[in-house]
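Naming follows writing order (A, B, C, D, E and F), and every chain is counted from residue 1.
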C-alpha cells in the first residue's frame, strides 16, 4: 500500500515496496533475536527489533558518505525463530538460511542477538570463498579466500564456556576455524586467551594499537574478500552502553567509520553482521547508532 | 513465507498470511499513533505498536470465552501517518479511512493514540447507521440507528479545549453530535461538564452506579447496533497505570469483560476502538491487558 | 500573571493567585522533601514535587464528593530545607514551622518525605489541643483533646532504630507520646511491637479487622478533634507501589475514601499529612492517587 | 560477623549465622537464575537475586500468621550455574541438587528463574514419595504418594514447544508424568491444551472456578503429602506485573494466602518453588510480594 | 520568603526574589513545553521543566568563565500554554510574547520544547534588527542587521513536512526567511536539503568542517548582532542522548563552549534558545548539561 | 562450596574462597551504603552493591595492565550499617573500622555511598602516616607523611553546609585538616571556594590544567605515600552519568587510567576509595566502569 496517509512499513529504513520487495532487493536483513547463552546481563534478543525501529527514524540520504544506500533495495526478513534446545542447532539454522540467501544472489546483513549467531553467518560466507589456508598466522596467504574483520571488546577465544562450544565467549574461536580473523577493539580477555593470541601471533588489536597503526595498516592485513562481524561492545560505553558486557576504553564512532571506509575502498565486503545491542540497558540513541552503522556499511559495501 | 524456522510476522496476534491477508480477513486493525493534543503526560503514540507487540505474546485460543477469534481473519494495516498541522484534519483522515474499510465490508478496530481519534472512527460508523434521532436524552428512540457505548474515566464533554474543538477533552461531546452515548467509568469532570450531564440527563455512570445497576441495565440503554469506544483510563490504575491521565477508583477487568459479554449477547457490535495506552508510563503488562481486551472483543463481536 | 497564554503556576492544583495567595488561603501545603533515615529503598524526598506536579493534572471539581475544594484557597509553600546533621533537629524544624502556620490561622497539610516528619506536624497540632490524658489505652477519655488517625502498613512502634529515636520506624511511638492514636492498615510488625500493641491494647487494626469493624466503629474511637497521618504504604501495592517498604495485603482506595468521608462527617479534622511516596519506584499514576487523596481530604475537612 | 556496625549478610531474610548456617538450618533456599527457553519477554534470571534482596527489607515476625518462620533456620545457597547447552541438562542439574538436599534432611525452596526449573525440583520430591498410581484422573487414589498443587495462569501442557520438551510451556505436562497435579489460576491455554484438560478431566481451575469451590474443596483434591509449584503469573497483574507472560483476571494475595493456609492445616507441605519473577518488567514491590510469599509459606509448612 | 529554613523557589537557578523578580531581572526565561509536530520519539515537552529542575542543582558561580551570571537577575516565566490547533498559531504566540519581552527591555532565553519554537523567538528578534538584506549567501552584507548562529545535527531545510510548514524539520528554512544563518553540527540531511545547501552555498558546517575551520572563522561569518538557536541534537549522543532524533558523530561540550566564548568576545549576543531536550530518553545528567549551557551562555552574553 | 554447577559467590570479582577468605586476603573491600547528607539527586547508597554486582561480570585478568590483581586476595566485608542519627558519628564509624583493618595488615578499599565517607577512610590512613606538617601550601614538605590525591568535579571546600560539617560538600575541607590534598577534575565551585583555593594556592586542577601539566607533574606534587579518594563525578558524564551532581567537561577513562599508572610507578599507594556512584541515574555500564577502575587500582597499588 503506497497510500501517503499511512506510515511506511516497519521494515529496515521504513522503505516502500519498490525498494524493499524481496525480488528487487540486493540486500537482505536477517534478524536473529537469540540470546540464550548470555552469561551476564541479558536482553540482546530485543536488539533486532530496536535497530529496525530506530532505522525508520533516519534520513535515507547518508550525508557522511554522500550516498543513498537504499537504492540497491533492502528487504527485511521476519525474525528467525529460536531453537531453545541447543545453541549449536541455532547456529546451524542461521548458517543454513544465510547460505540459501547468498546462493540466491543476496548480500546478507545479520542483526543479533548475541554474537554467537555470527558463527553461522560467517561460516555460510566462508564456505563460499574457500582459500588455500585458514591458519590464522599465515598472513601472507590472505590474498585468496575470505578473511574476517572483527570488532569486539573481548577476545572471544575460549574453546568452550558454560558447557557449550557455542557460547558467546567462543565466537571468534569458532570463526577462526573457517577463516583468518583480524580483530580491533580488544580490551578484555582471560590470561589463557591472551596467551593464545601471543602464541599464535593473532592480529588482535587494542584501541591504542589501532590508533598507532592506523586504518590503512589494518586494511592491509585483510584478503580481497572480507566478511565483517561487529560485536557492538567494541564501541566505548560513552557512545554505546546498551550492552550485556560493557567495558571502558573502547572505540569511537569516527574511528570505526573511518576504518570501514578504508576497508570498503581497498577490498570487497561480501557480508556483515551487527550484534549484541541490548536495548533495555541503555538509551534509545544506542539503537540509532547501530541502525546508522548498519545503513552506512550497506552503502560502503555496495556503492558503485 | 511460512517457513517454520521463522517467527510469524509482527502483525496483530502474530498471524500467518492465511489468517491475516487483507482479502481473507473480516477484521481490520487500524493503528493511529497520534497524541498531539495531549495536555498532560504524553506517549500514547507508542500505544498501537505496544499493543501489537504484546498481542504476539498471547494464546490464540481465548479460554475465557471458549473461542478462537483469529479464525475470521485479522489484517493489520500500517500505522496511519499523523497530520501535524491540525487535529481536525487528522480526525477527518481517520474517518475517511475507516469509512472506506467499512464500505469494503470490513469490521474496523481502531487502536490509539489519543481518544480524539475515536471521533473519526465513530463518525464513520454513525453515518452508515442513520437513526431517527440522535438527541441523547431520548432513550426510547434508541431502537433504531447506532448508539455508542463509551468507557472513560472522564466526561470529555468540553466544547473546546486549548484552542481546539478536537482536543481529547472534547471527545464525547463530538461523538454526541452524531449518536447517543452511554458512558461507564465516570469519575473525573469539571463542574460545567457535570452540570451538562445533569441538565441533559445523559446516561453517564460512575463505577459505583454501574455496580448498582448491573450489566443488563446498561445494555438495555443501547440500540440494536452498537459502536464501542474505550478510553483505557476507565480501568482502575492498579490494573492499568500506563495512562496520561490516570485516576483512582476505576473499573476492573472482570467487570468490563462481563459488560462486554452482556452487550455482545443482546446487541450487534459493529466496530470499536481501544485508545490512550501510554506505554512509557506503566509496566508492559498493561499492553498485554489492552491486547487481550482487543482480541476478546473481536471474538465477542463476531462469534457465530 | 493571569495571561491565558500561560500555564497556571506549578503550585498545588495549579491554582491562580486569587485562589493560592498566602493571605487569601485557608490551607497551606508544606512540602518536606526529607528521607535521610530511610533504611530500605530510598527516594521519598522526591515525593512532594511529584505530588504537586501530578496535582496540576487533575480536575478542580471533585465529582466523587461533589465539591470544589480549591475555593477555600490553597497556598503552596517552598520546600523545607533538610537539616542533614540530625533527624531530631529536622523534626523540630517542621514542628516549629507548622506551629507558626497554625497560630496564623492556617489549616496545615504536610507532604513527605519520610513518615518521620509527621512527628513534627502532629506535635505542633497536639500542643494546641491539650487533653486531660494522652494515655493511649484510656479510650473513654478521648472526647476531649486531639486524637490521631494513622494509616500505616507498619506498627512504627520501636523506641529507637539504627541509633536514632527519630527514625521512620519509630514514628507512631513518638506520636503516642503526645496524643492517642487509632491505626488502620497494620500488616507488618516485629514481635516486640506486636507484644507492645497487645500489652497496651492499642487500637491498631489490620485491613481484615478494619473490614470487619467498618468505618463507623473506627470513627467512634476518635475524639472530636482529629489529626490524620497517612503513610501511603497503608495502601495495597497494586494501587500504590512507589514505596520504600511496600507489602501485599493493604487497603484499597474506595475503603480509605469511605473511612475519610465517615470521619469528616462525624468529627473535626484539624490537619493532616501524606507521606512516603517514593516516585522512582512506581508508575506516575501513584503520584496522581496521592494528589487526589490530598485534594479530597482538603475538601472533606473544610467543606461547609 | 555479628558486629552491630554492619548490615546483616545478604542471604534470604538477612539472617545472622545462628539462623542461616547450613548445618543448623531446616530450610535451604536454592536460587536458579535460568531463563533460556523464554519465548516472550525475558529477565526472570534476575528473579532470585531480586527476591533475596527484597527479603532483607521485611520484618522477621509475620504478623499475618503470628509466627517467626526464620527460627527453623534458613540457609541460602549460591545461585545454580546455567547449563547453556540444553535445557534438559539444566532440569536434571536442578533435580540432582534438590535430591541431594532432600536426602540430607533439608526442606527445599527453589527460586526461579523460569517455571521449567520446577520440573527438576518436583521430580526430586516425587521420586521420594512413590504412590500407587500417578494417573492424573484417578483422584480417589491420591491419599498415598505425592500430589502437586500448581499456581499458574497457563496450562503449560504442551508436549514440546520451540523444539524442546523442556520449554517453559511444557512444565505441567512434564510434572504430570511423575505426580498428579491440581492447578489453580488458569486463564490462558491453546485449544489443544484445553481439549487435553477436558479429555483427561484434569483438575485445573480458573480463578472463577476457584472462587466458586473455595479453598477447602481444592485442598480436598490433594494427597497427604503436597509439593507446591508457583508460577507467579497466577497472580493478577495489578499485584504482580513483573512477568514475562502477564495476563489479566488473576488471583489476589488474600486468596492465595488463604488457600495456602488451608492446605497447610490439612496436609503436609514437603517442598515448594516460586518462579517467573521478571524484575525489570515491574515495580520493586513485586519482589517484595514474592519474598513475603516465600517467607510465609516456609512458616506455614514448618510450623509446629 | 527568605526564611533560611526553606529551600529557594523552583525557578531557573533556584534564585531568591532579589535576583529573580521580574522588575529587577535583565534576563527572562521563557519555557515552551510544546512538541506536537515531533515525527520520531516524543517528550521534549518535558524539557523546560527538566532543565529548570536541574538548574537548582548547580553552583551559581561558573568557575569555567569566572563569573556569577545570576547577578544580572534571571526571572522565570510560567510555561507557555500549547495551542493544539495549529503549529503556526503556536509559533506566532511565541513570537508575540518574546516581542513584548524584548520591547520591555528584557534579554529573552527560550527553552523548548521542539526546535520549531525557535522560529517564533528568532523572528521576534530579527524584526527588531532589520538589515539591508537577508539573502543568506551575501555574507559580505552581514555587518548590519541580525544574523543567526544555529547548532543542529540536521539541515532542517524542508519547505514543508508532514503537512505543515511549521514542522520541526523546517525550522532553519523558516528562520532563513528573516535572517542569514550560520549552522554548525550538520550530519543529517535529505538529498534535497543537501542540494539546497550547495546551490545556495549556505554556510552549514559538519563537525569535521567546524574542527578544520576553528571558532574564529565561524565567528567571522556572523554580523555584529547575533541570535543563537541551539537544537541540542548538535551534541554527540555520548554527552546528550535524551533526544528525539539522536545521531552519532556530534559536537562535544568543550568545542561548543569554546565557540560560544569566541562569539561572545567578538559579537553582541542579543538572545538565544535551547531546545529539543527529551528527558525520558536519557539520563538526568543531560538536563544538567542543558542547564549549565543555558547559564554559561547568559554569563557570556551579558558580562561586563 | 566449589561445586562447578554453582555460580561463584557474589563478592567483589566473584572470587572463590581461596582468593577471598579474610585471612588469605591482602585487600579488604569495605562497602558503605550511606547517602543521608545528599542535597541533590539521591541513590548512592545503592552504589556499593551495584559495583560488586558488576565486578562479577569482568575478566580476572586485566589485559590493560597485564596483571591478575585478584591473586593477592580480595575479601569483601558486609555493608557498614548507617548511623542515621548524625553524619559525624557515621564518619567516625568508618574511620574506626578502616583503622582496625589497617592495623590488621590489610589494604583497605572503601566503596561509597557519598563522598563524605572518604573523610573517615582518609583520616584512618593519615593518622598512621604522620608527617612534619599538613599545611596544604607547603608542597616542599610533602616528601614525608601521607598525601592525598583527590579526583572530584567539585571543590568540596565548604566549612559547613546544610547545618553539618560532615556534609558531602565539605569533604576535601575535612581531609585537608589531616593531610595535604592534590585535586584533579575541578569544574564546579562557589566563589568562596574558588577564593579559598587561590588564597591558599591549593593544588586543585581543572581538566584543562591537568591536560596542560601532564600526569608526571601531578605525581610530582605528591609525597611518597599516597591515599587516593575518587568522587566519580570527576569523570565526564558521557562516560559516567549515574551521579547525584553530574557536570559536563570532565575527565576521560584513558586520562584517569594513565595518571593512576604514573602515580603507581612513582609512589606507594596505601589505600583508596571510590564513591558517589548513583546507580538509578545512569546505565549499568557505569557500575562496570567503577568496578574495573577499582580492580585496576588494586592491581596497580599492589603489583610486584
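Just so it is clear, contacts are C-beta pairs under 8 Å (C-beta built on N, C-alpha and C of every residue); 3 or more make two chains touch, one makes a residue touch a chain.
What you see is a predicted model, and the numbers here were worked out from it, not measured in a lab.
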Superimpose the Cα trace of chain C on the Cα trace of chain D, which carries the same sequence, then give the rotation angle to the nearest 5°. 120
Hey, how far is the Cα centre of chain A from the one of chain F, in Å? 38
Taking each chain's centre as the mean of its CA atoms, chain D sits from chain F at a distance in Å of 43
Scan chain C for residues touching two or more other chains and write them down. 81, 236, 238-239, 283
What are all the touching pairs of chains? A-B, A-D, A-E, A-F, B-C, B-D, B-E, C-D, C-E, C-F, D-F, E-F
Partner chain A, residues of chain B touching it in the complex: 1, 4-10, 33, 77-81, 93, 97
What residues of chain E sit close enough to touch chain F in their complex? 57-61, 63-64, 68, 236, 238-239, 253-254, 257, 283-286, 288-289, 292-293
How about chain A: which of its residues touch chain F in the complex? 40-41, 154, 186-191, 194, 206, 236-239, 241-243, 245-249, 281-283
Give every residue of chain D touching chain A within the complex, in rising order. 35-37, 39, 42-43, 45, 81-89, 162-164, 166-167, 280
